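First comes the structure, then the notes that go with it.
Letters are used for the chains, namely A, B, C and D, taken in the order the chains are written, and counting of residues starts over at 1 for each.
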Amino acid sequence: MKEIINLPVSNIEEEEYHINMGPQHPSTHGVLRLLVSLQGEMVRSLKPHCGYIHRGIEKMCEKDTYPQVIHLTDRIDYLSAHINNHAVCLLVEKALEVDVPERVRYIRTIMDELARIQSHQLWWSSFGMDLGGLTCFFYGLRDREMILDIWEETTGSRFLQSYNCPGGVMQDIHPNFQKKVHAFLKTFKKKIKDYDRILSGNVIFENRSQGVGILSKEDAISYGVTGPSGRGSGWSCDVRKTEPYSMYGKVQFNEVLRYECDTYSRYMVRMQEMHESMNIIEQLIDNIPEGEHSAKMKAVIKLPAGEYFQRVESARGELGLFVVSDGNKTPYRMKFRTPSFSNLSVLDHISRGMKIADLVAIGASLDLVIPDIDR
Amino acid sequence: MNSFFKYFSDIFHGVKSLLIGMSVTGRYFFSPGQIVTQQYPENRKNLQMFERFKGEVIMLHDGNNQHRCNGCGICENNCPNGSIEVIPAKITGEDGKSKRVIDKHIYHLGMCTFCGLCVKNCPSNALGFGQEFEHAVFDRSKLTKVLNQPGSSIIKGVE
Amino acid sequence: MDNETLKARILEIVPEAQQEENKQFLTLLLPAAKLHDLALKLKNSPELAFDFLFCLSGVDYIKQLAVVYHLRSTQHKHALVIKVKTDDRVNPNFDTVCDIWRTAEFHEREIYDMFGIRFNNHPDMRRIFLEEDWKGYPLRKDYIDEVNIVEF
Amino acid sequence: MKEKDFRDNETLDLFKRTGGNFLMTSIDAVIDWGRSNSVWPLTFATSCCGIEMMATGASRHDFARFGIEVYRASPRQADVIVVAGTIVNKMAPVLKRLYDQMSEPRYVIAMGACAVSGGPFYYNSYHVVRGVDHVIPVDVYIPGCPPRPEALLYGIMQLQRKIKLESITRPEQTMILGKQ
């Protein structure tokens, strides 16, 4: 008893607690494990431990042909599955110098933007839920079902569609597609106002997110934090603007930038992006040109030997696809530069000195998808 | 004095944003027309999947229990993860020549990812997607299926 | 800055650099010893300003192991690919660049995990995805694992 | 739904017991009714199927209608673990520990191709467990990649049917058959 009383005070202050968050934890959005060192309630440092869903996709890609790779890229970042497939298709088409029909470009761009909206809707749901608002979970997923219905009618699957294939898309859009997209846009424009009313203006939400997890622009660039998280720090890193692909060069849209650099600004960027995505879809949906839904491709696709790189803007940031080909029908090396992997690396840096409850908000604002990290 | 006002304005803003949020949820509470919940097992009779829905891979059979599969194995080669195994057999046809037909078209539903490459690449359009989605079983071996029905044969003129 | 001036500028710093032809980006093969020096200059000199390392990947060319750095300047919008190779398959190592581009810290750990390439002066050189006691480096072409891999 | 509309009734027949006295079977019926209508799942999702599990819990499908009311974050409070997604070698010990922490009676649903058999990652992958039944015993398999929410609801109904065959007097029989 005596020893305990005589403990020097400074010792208690310097005492460090280590807390394991994950791999099974509701707010890590999957199986991420964070080893957090705490001083009291303050986060001193944290170490992410990945690999709890490392499935060796890059190794598997070396055994698959290019059309078969598509079903694996679906499952890397399942919330922007369509965008991942788009990257593979663009790379193959660029390497083979195939000119895809205009119709395919339109369809792919619309599908990409729908994917972005549904990904942000799901992110909004889980972000609200992480901060204690269960209503968000129900509203976000309710509106997401409309997009899933549109997809299911055209592609046959709810969200892992494998709809893109090198040269085009698997099947033509359903005759109801345009009508349904219009109906969705009309409804969602009303619903997104509800989102703002529930979360964006809420005092509790603002207090928990403003000034939390400051990420400066220099750090964002150095850590490679792309996508809405990077744009929340004022870094203009939208691949759709810097290296336009498909129809993005021809549509008018703004790159959403915020300069507060905190969790709230990352939140607002995504909310604004949903508006921009709807804007893009509106410009394209009525003008889909007639034509084939796929270019003529050879039965066996072989890329000429060389190195190829393709970047696309997925819902979480910049997805880079680096392929080394030796002229065979399977890639020699396929590397996915996934956005969540780089975004995760900054988590330690920006959560130092924050409360552990803020860590949940920061983690959610980076919108991590764990299979996207682990591949 | 400043903090005094801030204290009360914080309370005012807090109550206000609470009421705004409550008004949204309250509106849905009082508008039953916006209920989206579907009563799944009760509406099973008239639950219609979309026509392109990929529930399972099936082999299309016509009324005479005949299919179009000649056992070429293109679906097996195209399948990214080996969900399909084609076991061909040799039979002697009417003209005395031996020809390749299908003995068993084995489909592992428990592995299938519904990428659609088999259906897309089938040269004789023998495969299609079924609308069935109620597959849950207690025994994993039940998920391996033989797609060609017992006693079925190939439609004349397809091979 | 266009590719020609970029190349000339880099050849001033590292005269041994060789260009690889027919690539999408300007691709330069460097001797491994010069890597860190050049990286520091690429980042810090104002007219180059390569501040964004957007992809860092390991490649196994069977005879050699390589690390490929995809660099980009957010200011000048030019891109550059740097490659370093080593013949040593038993104990390959390069200098780390994670003090220059912080994103490299995780990517280098991934390369160590998958290819067994060690990076000198890296603050935390451990496996990132696989368990610590995992044998072998899966993405190497000569990786054989009869227990875990079912060949198709 | 009627009994004959369900799949795989022949496997379920193996679990059926005969005999037992009136009192005990009545108690069994009441307890099983209670158990089967309040199976609380664990928040355990590793990948894509987890999103469909969330969708099942959300407005459109709402599996609270089956008494699967709340997701529990702690395995000690959960009755069923829905393995939604790939289980890799590094995750397998964690899953086993989670399962061991759950209190009896506990149930496992393998949701999606990855949990059933390794699915898309069966061949050529060096880090994937080929079917979650290598790690923990599974009650119901739901194929699909990912299964749509109705398919999960159907799987839950199958699980409820299985729970209704349990007996508190002879738990070992159901255990042996169920966790073969």
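Here is the rule we use: contacts are C-beta pairs under 8 Å (C-beta built on N, C-alpha and C of every residue); 3 or more make two chains touch, one makes a residue touch a chain.
Remember, it's a predicted structure, so these values are computed and weren't measured experimentally.
So which chains are sitting against chain B and chain C at once?
Both-contact set = A, D.
From the C-alpha centres, identify the chain that is farthest from chain B.
C
So, what's the distance in Å between the C-alpha centres of chain D and chain B?
Here the centre of chain D sits 21 Å away from the centre of chain B.
On a C-alpha centroid basis, what's the spacing between chain A and chain D, in Å?
So the centre of chain A lies 30 Å away from the centre of chain D.
So, what's the distance in Å between the C-alpha centres of chain D and chain C?
About 46 Å separates the centre of chain C from that of chain D.
Determine the centre-to-centre distance between chain A and chain B, using the mean Cα coordinates as centres, and give it in whole Å.
That gives a centre separation of 25 Å.
Residue numbers in chain D touching 2 or more other chains?
59-60, 90, 120-127, 145, 148
Which chain A residues sit where two or more other chains touch them?
Residues 51, 54, 56, 59, 63, 71-72, 142, 145, 160.
Residues of chain B touching 2+ other chains?
In chain B, the residues touching two or more other chains are 36, 80-82, 113-114.
What chain-chain pairs meet the touch criterion?
Touching chain pairs, listed by label, come out as A-B, A-C, A-D, B-D, C-D.
In the complex, go through chain A and note every residue touching chain C.
50-51, 54, 56, 58-59, 63, 219, 221-224, 235-237, 242, 306-309, 311, 318, 320, 322, 324, 333, 335, 337, 341-342, 344-346, 349, 374
Where on chain C does chain A make contact in their complex?
Touch list, chain C to chain A: 22-25, 27, 51-57, 59-60, 68, 70, 74, 77, 101-103, 105-107, 110, 114, 127-131, 138-139, 152.
Quick check on the complex: what are the chain A residues that touch chain B?
It comes out as residues 64, 67-68, 70-72, 74, 135, 142, 145, 149, 152-157, 160, 162, 165, 170-171, 174, 194, 197-198, 201-204.
What does chain A use to touch chain D in their complex?
23-26, 30-31, 51-57, 59-60, 63, 71-72, 75, 78-79, 122, 125, 137-139, 141-142, 144-145, 148, 158-160, 370-371
Which part of chain B faces chain A closely enough to touch in the complex?
It is residues 10, 13-14, 17-18, 20-21, 23-25, 36, 50, 52-54, 78, 80-81, 113-117, 120, 129 of chain B that touch chain A.
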